[in-house]
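The chains carry the letters A, B, C, D and E, assigned in the order they are written, with residues numbered from 1 in each.
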Amino acid sequence: MQTANLLPLVLVLAVVAYGLAYMRSRAVAAPLGGIRNLKALPFYYAARAALWCAIPALIVLAAWAGFEGKIIQGIVIASLPQETWPESAGEASLILSQISNVAAGKLNPEFVPEHIAGAASLLENLESQSRNFKAILVILIAILGAAFAWTRVAPHINARKNVETTLRRIFFVCAALAVLTTAGIVFSVIFETVRFFNRVPLSEFLFGTTWSPQTALRADQVGAEGAFGVIPLFTGTLLISAIALLVAVPVGLLSAIYLSEYASRRVRSTAKPVLEMLAGIPTVVYGFFAALTVAPFIRDLAEMVGLEASSQSALAAGLVMGIMIVPFVSSLSDDVINAVPQTMRDGSLALGATQSETMKKVIFPAALPGIIGGILLAASRAIGETMIVVMAAGLAANLTANPLESVTTVTVQIATLLVGDQEFDSAKTLSAFALGMLLFIVTLLLNVVALKIVRKYREQYE
Amino acid sequence: MSDQSSQAEIVRNSLKRRYRKERRFRLYGMVAIFIALGSLFILFADIIGKGHTGFIKTTITLDVTLDSEMMYLDDPTDEDQRSMADFVAPIIDALQDHIPEAETAAEKRELGRLVGNYAASEVRDLLENNPDLLNTTQTIEFLAHDRVSTYVKHAGNPRYSIKLSEQQQRWVDELVEKGVIDTSFNDVLFSRGDSREPSNAGILGAIVGSLLTMLVTLAIAFPVGIAAAVYLEEFAPQNKFTDFIEVNINNLAAVPSIIFGLLGLAVFIGLFGMPRSVPVVGGMVLALMTLPTIIISSRAAIKSVPPSIREAAEGVGASKMQVVLHHVIPLAMPGMLTGTIIGMAQALGETAPLLLIGMVAFIVDVPTGFFDSATVLPVQIYLWASSSEQGFIELASAAIMVLLTFMISMNALAIWLRKRLERRW
Amino acid sequence: MNTINPSISTGVNMRDKQAAEIPVPQDKPEDTIIEEGKTVGKPFASDPKFQLRNVSVSYGSDRAIKDISLDIGRNEVISFIGPSGCGKSTFLRCLNRMNDSIDICRVKGQLMLDGEDIYSPKRDVVELRARVGMVFQKPNPFPKSIYDNVAYGPKIHGLANRKSELDEIVENSLRKAGLWEEAKDRLDSVATGMSGGQQQRLCIARAIAVSPEVILMDEPCSALDPIATARVEELIADMSKSYTIVIVTHSMQQAARVSNRTAYFHLGHLVEVNETNKVFTSPEHQLTESYITGRFG
Amino acid sequence: MNTINPSISTGVNMRDKQAAEIPVPQDKPEDTIIEEGKTVGKPFASDPKFQLRNVSVSYGSDRAIKDISLDIGRNEVISFIGPSGCGKSTFLRCLNRMNDSIDICRVKGQLMLDGEDIYSPKRDVVELRARVGMVFQKPNPFPKSIYDNVAYGPKIHGLANRKSELDEIVENSLRKAGLWEEAKDRLDSVATGMSGGQQQRLCIARAIAVSPEVILMDEPCSALDPIATARVEELIADMSKSYTIVIVTHSMQQAARVSNRTAYFHLGHLVEVNETNKVFTSPEHQLTESYITGRFG
Amino acid sequence: RDTINIVGSSTVYPFATVVAERFGRNTDFPTPKLESTGSGGGLKLFCEGVGTQHPDITNASRRMKPGEFENCQSNGVEKITEVRIGADGIVIANSRDAEKLDLTLKQVFLALAKEVPDPDGGDELVPNPYEKWSEIDSSLPDFEISVMGPPPTSGTRDAFVEIAMQGGCKQYDFIKNMDKSEMKSVCHAMREDGPFIEAGENDNLIVQRLAQDPQTLGIFGYSFLMENTGQIQAASVNGVEPTPEAISSEDYPVARSLWFYVKNAHVGVVPGIKEYIAEFTSESAWGDNGYLVDVGLIPLPRDQRMKTAKRARNLEPMTGNEL
């Protein structure tokens, strides 16, 4: 049986185990005078049975699925005549692929060497055996697990604790996944980063004021390695994110306030999801909009008042990005503002406060922690956005604070370096990983500091 | 009490000023909404203006005589014969019925280019499936060539370079007059995978790809996000490790999405040996990317559940887990859904990380499972938007509309749920 | 104490008085005992601060207040009593339009404060509420410091020109509410960390800090200990010289101690209004009597 | 009513009794009148349900309960009285560990229920709370239907085997809390839309629906009208046959009516515990007396 | 695996996809999967090894470099077939509303280089002082230099710099006489002070910007010109118009070849590779009237096509010396 079929089967078994254990626990309870005499609700005995049924079976299933391929392949390869044994892993995978293509009828067996054709039938054989064994084993384990749980349906056993502990562990694993993700990210950039720093000194990277990796297109092309100073990238990131937040925070916050306090229920329930669509419009669309509509408009405007402006500007990218992240601020703020108890509003209104005073002085402070969460998310999204910046603000790493000039950001550089035509081993490509690592570290530090500050603020407040 | 009346006086005097403030504040709110909605409106107008023609297809309906001599084909079931046969000839012949003036070989070839690139394949497939039709006359609706389509849809618009010769333009005008060339709703767009010919290209593959990817993302991100938020808010002891997790989550929210692509490449594809370009990997990468959004907003929602509710439940002897499952999560669900909606919307529109794990691929076949090579809507849009053919630019805008529709319908359910669950206490 | 002249009392009341004298069989459903809009006693005053006529309030399709007419005299202290859920809070909240914030709540009838319609669309709600203060049934301090809670009203109305004036207002209000001694050393700590009674007194202090003309109190002493209660009652007595006070209470002793008139509500009807001692000693309506005689405290 | 045998009363109390007899000058700071851990009267019982020894509770660095020792007898009704903010609620919440959920709250001392340590790490809080139910000071219904509010406890404890049993429990509980008549037609409507008093009675119904051994009531009648109050008091009298009841109240009449013993708290100290009539007629401690004599309510 | 996996250049992508789609339609093999990774990215993936997890074919808009070939060899990708499929021209275009330009490589270099020879004479290099085209040559129009071009990460930019910039640059003798790497660093450095605008990889964006702003020029591939002749026109370079003939014959100076590379070890394992090569190199595809020409490929001269096709169908591996 295929894994794809076994999975639902195990789930069905778990449901059956649930039902049986539920009935049994009620049956056990009946002579004692009702379920109140059990240590836990029937639900918990049942849930425990379902967990016992499903979890070990799934683990075995996963393990089998993980190793089955390797083992079968080993056997198949070993069955080949010795002189045709592959010399490298790549060759092995080719031979195996050939064998499986023959087995699947995609290559004509007449056109391949005989030993391959033989191996193909062996492969088919092994695979069907493995499938059968797997199915039997998994079902057996599921049933055993359920049976064990069945025996443990007894009035003195507190199944609730078991279930809750398991759940709690699962919750913990979910939370810890964030740490694993972080580890994964570090793992995926660390090697290249180290290789990059073997070529470019850390000090130049951190304190250099020019970013111009293109001069290092090829090792044989230019004597120097190019310029890898991240400062213009970070100032660019800062500039654009700041502009974006200057748009998104007021617009988002005021929208949220308007929606939750002034707008009628109908308006609110339509406007909020409509605003949320802003977050889901593909960034390519924003990019075209920024580059073709907003940027030229800004340039014309600037020239009208006698300012010099680039046809790609940080301002254009920032403004459009600001619009994009509005829903992060507006929706999350709306939720927390809405969660402030009505009695707070009543308290303030009864004193003769206007709605805006109530909002500014009572609701807003009470909702502040949640609002800040929304703003941080918006800021994070702004830092991470690439497409808009590439199209509207360009790729020129100018060290400037003038929003009318074109700048570039860290993530844009990472993206263009990674997605563009990459040299497998040049400092240019490697610098993308170093940038990723650096950005990661910087935001991490900022978050640590933020956490400290929030803690302090909270302590003072309490 | 004079105090009272004087204070009433003060209050009355202050009212004008305060109402001005109130009105101004309200106005700010309205302006903010206006800006946000206005931008959305402009964006939509832009997309629709560019893309509505993507929903129109141009067809040429011809009475084709499937003459075996003309095609050099005696037996349509014979593969060798099929591969040598000329399936274009009957089409040109049918066109000549309408345009008798095309006589030279060059003119005939020009004529043949009015129908789409795969017109001949259509004839071939028809005969292969129904060999009896040989030497009969069939009315067949062909897709017009992309150039004809552009000409018909945008005749007279100088922004579109019309790449038909004068002669072809005349012919097309004539055929339109006769009703041979006609436009109708572009069902091809919704029934096929990608193609290199704009008139043949569809987004069904991308839609299915997006659907599969989003399913994986949702199945991972929603439960895991909520579980993590619940753990951190309700169960986590105040210690260094919890702080560490918290910092990590906030930090992941700021990690550029493309880095998640690197992660997927290094871990899922490199370490675990999963295949490139498949929805499972894409879904997992996007799930990791959306998790912080869901966790952070869920935590905010959990925080805003009043403690009195927890006390009430604990007071009747509910365990911590019961309090959480029975009261906290239901009450926090609107906020959790908001996070999920935004996160999923973001995931649905994301391109960058998918580029690195190979979901930016030309895939014609509609994927049928989580392990089939697939692409997703935003990537399809990205690919089309960077193609040179003008037909693809229209399609890209049309695909954006489809993506937005997709997003709206995906969110509609969540929003409906949220509205039902929402209450002030 | 102001004398309340029942000059406007109409024949309707007279008729009801008689009705009250005829003993009504106990097993008859209560609703039939009360005729809608008919109130026994002296519902009208000669110098009314509030004139309320034919007021009905409904939550969605449920009518919580049924056609009540009542005057509240200037500088009068009036108590609303009645069984739980009879609509006292609802009626009270009409007087400063706090019901506006409940979507499904609809108020009908004529409600006048100093001869001006409360529910007129032109009415300035903010000014109304500044003049008609309120203390709620559940204490609802803002999650701010104690000081900021009290200073909030004066600040938004601009009642203090200087910090010192504000300090003074805060101190006075807390003193009047009997919270100063407990709170003076922790003015900066968050109000939600106080005990229930402290919170309630804080809300009273917050309400009187803006010196309204009318104070509506919804069971202000329900969470208070006797000492604090006494202090609040003293405060009410004090204020009654220049304020109009409406107080909802479950304690008939309290009603007796503080109020000039007492109104008895029953299932959304205003059954009887009269001078307090009259209500407690010789109630005219059967329902009032049965409520009073089951008196507790 | 159970007799409480003050067999464990120690010399300490005797000394304090004398202390109380010596008049203490009024202007002396109150703290000096009460010695920490010294309680006048009969703090101990012969058949204790709770044995509480040297209990101290602090919020962060503020001590809210200062070294209190007290027994609560089996099937006894004991009232806690005292000025607002003196720590009654805090102490009450120790008895079923509701303080656990307040991060900064620290409880010290020995607290035993039926001879088992309440605060032992091995203690199952859920079981404890199922045995020791609680009604809170502010009514806090779940934002669910009335029925679900009451049925919640029985459901999670598996007290009903069938829907009909559950219905019965709900009806009984609501009846006992005196809410059945008002609520029976709207069992499916949301509980937060009820009046304050209705909410409070609902919370009582919710607490008794799980038939705990002990019920802790934090001012259960503060939002109730006299009739409802009477019903709750009847309920308490009823339950006192088989339940242990601790009630915090501001109404001394109520304390007098329902409780066997009364404990007087002051600024975190337990000043005096004694048979209720003794406390109200001849208080031993100066502070108790001054509190009692300013009686209201 | 039974589907051909192809990676590589975004420039070749539109052509390869057309072939792949036809191939999928007209044969029983599944349609190959094509990823657009850029030439370098494609070669990197391609050279990572043999085996089903690695691609079978990579496209490139430039020739494989010796370093990449070595990398392939060291990873066990020994036999590689190289197929040159045609040419692509890089055009410098502006809006049809503006006057048509006639540029020389030298002018292009002077307009876009970071450092140029001192306009006042001498063999000095100075930071590029030119603000307007007319300052470079009075025959050029009197408006500001503003050129949108591809980012440094794209193959198009790569080719433009190597062919156009270096071509213009070498016309100065003193630069030509510099040692090789110094010369390259002078010639390849694009100015970063504004007149040259890096516009990301989206050439449609450049086209649309040009249509909006007649004073801006854009640099992109020939196919985008062909598709947008309604809006834009190309400048002639050194007097030669970018016509297919001129590009194919290399009369037009800024032209480059397009390639794909096949991993011989995968032939016979992954079904269809041979047939795919055959389709790509058939006259109906890349011939003078083939369908690839329709989408903008500039075909090789006929004799070269014949030779290449023969080598490709025989899977003649590269030696590494030809690079």
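Just so we're on the same page, a contact is a pair of C-beta atoms (placed from the backbone, for glycine too) under 8 Å apart; a residue touches a chain by one contact, two chains touch by 3 or more.
Predicted model, so just to flag it, every value in this text is computed and none were measured.
Novice: Starting from the defined contact criterion, work out which chains touch chain B and chain C both, please.
Specialist: Where chain B and chain C share a partner, that partner set is A, D.
Novice: How many hops, at fewest, get you from chain D to chain E via touching chains?
Specialist: Graph distance in the chain contact network comes out at 2.
Novice: Minimal path length between chain A and chain D through chains that touch?
Specialist: Minimum step count, chain A to chain D: 1.
Novice: Kindly work out which chain lies most centrally, taking the average of its C-alpha atoms as its position.
Specialist: A
Novice: Using only Cα atoms to place each chain's centre, name the chain farthest from chain A.
Specialist: C
Novice: Write down the chain pair with more C-beta contact pairs when A-B is set against A-E.
Specialist: Spelling it out, more C-beta pairs touch across A-B than across the other pair.
Novice: So how far apart, in whole Å, are chain A and chain C when each is placed at the average of its C-alpha atoms?
Specialist: 56
Novice: I'd like to verify one number: the distance from the centre of chain B to the centre of chain E, where each centre is the average of its C-alpha atoms, in whole angstrom.
Specialist: 31
Novice: Report, in whole Å, the distance between the mean C-alpha point of chain C and the mean C-alpha point of chain D.
Specialist: Centre-to-centre distance between chain C and chain D: 30 Å.
Novice: Approximately how many whole Å separate the CA-defined centres of chain B and chain D?
Specialist: Roughly 61 Å separates the two chain centres.
Novice: Could you pull out the residues of chain E that touch at least 2 other chains?
Specialist: Residues 53, 201-202 of chain E touch two or more partner chains.
Novice: Could you pull out the residues of chain C that touch at least 2 other chains?
Specialist: Expected reply: 126-127, 130-131, 138, 156-157, 193, 210, 212.
Novice: Could you tell me which residues belong to chain A and also touch two or more other chains?
Specialist: Each of 288, 341-342, 352, 354, 357, 419, 462 in chain A touches at least two other chains.
Novice: Touching pairs of chains, all of them, please.
Specialist: Pairs flagged as touching, ordered by label: A-B, A-C, A-D, A-E, B-C, B-D, B-E, C-D.
Novice: Would you tell me which residues of chain D are touching chain C in their complex?
Specialist: Those residues of chain D that touch chain C are 59, 81-85, 89, 137-139, 182, 193-198, 201, 219, 222-230, 233, 250-254, 291, 294-297.
Novice: Any idea which chain A residues touch chain C in the complex?
Specialist: Touch residues, chain A against chain C: 265, 341-354, 357, 361-362, 365-366, 461-462.
Novice: Going by the contact rule set out above, which residues of chain B touch chain A in the complex?
Specialist: On the chain B side, the touching residues are 11, 18-19, 21-22, 25-26, 28-33, 35-37, 39-40, 42-43, 46-47, 223-225, 227-228, 230-232, 235-236, 243-263, 265-267, 288, 291-293, 295-297, 299-301, 303-306, 319-321, 334-335, 338-339, 341-342, 345-346, 348-349, 351-352, 355-356, 377-378, 381-382, 385, 396, 400, 403-404, 407-408, 411-412, 415, 419, 422, 424-425.
Novice: Using the touch rule from the top, collect the residues of chain C that touch chain B in their complex.
Specialist: Listed in rising order, the residues of chain C that touch chain B are 124, 126-127, 130-131, 156-159, 210-213, 241-243.
Novice: What part of chain B is in contact with chain E in the complex they form?
Specialist: Within the complex, chain B contacts chain E at residues 83, 117-118, 121, 158-163, 195-197, 273, 275-277, 358, 360-365, 373, 383, 385-390, 393.
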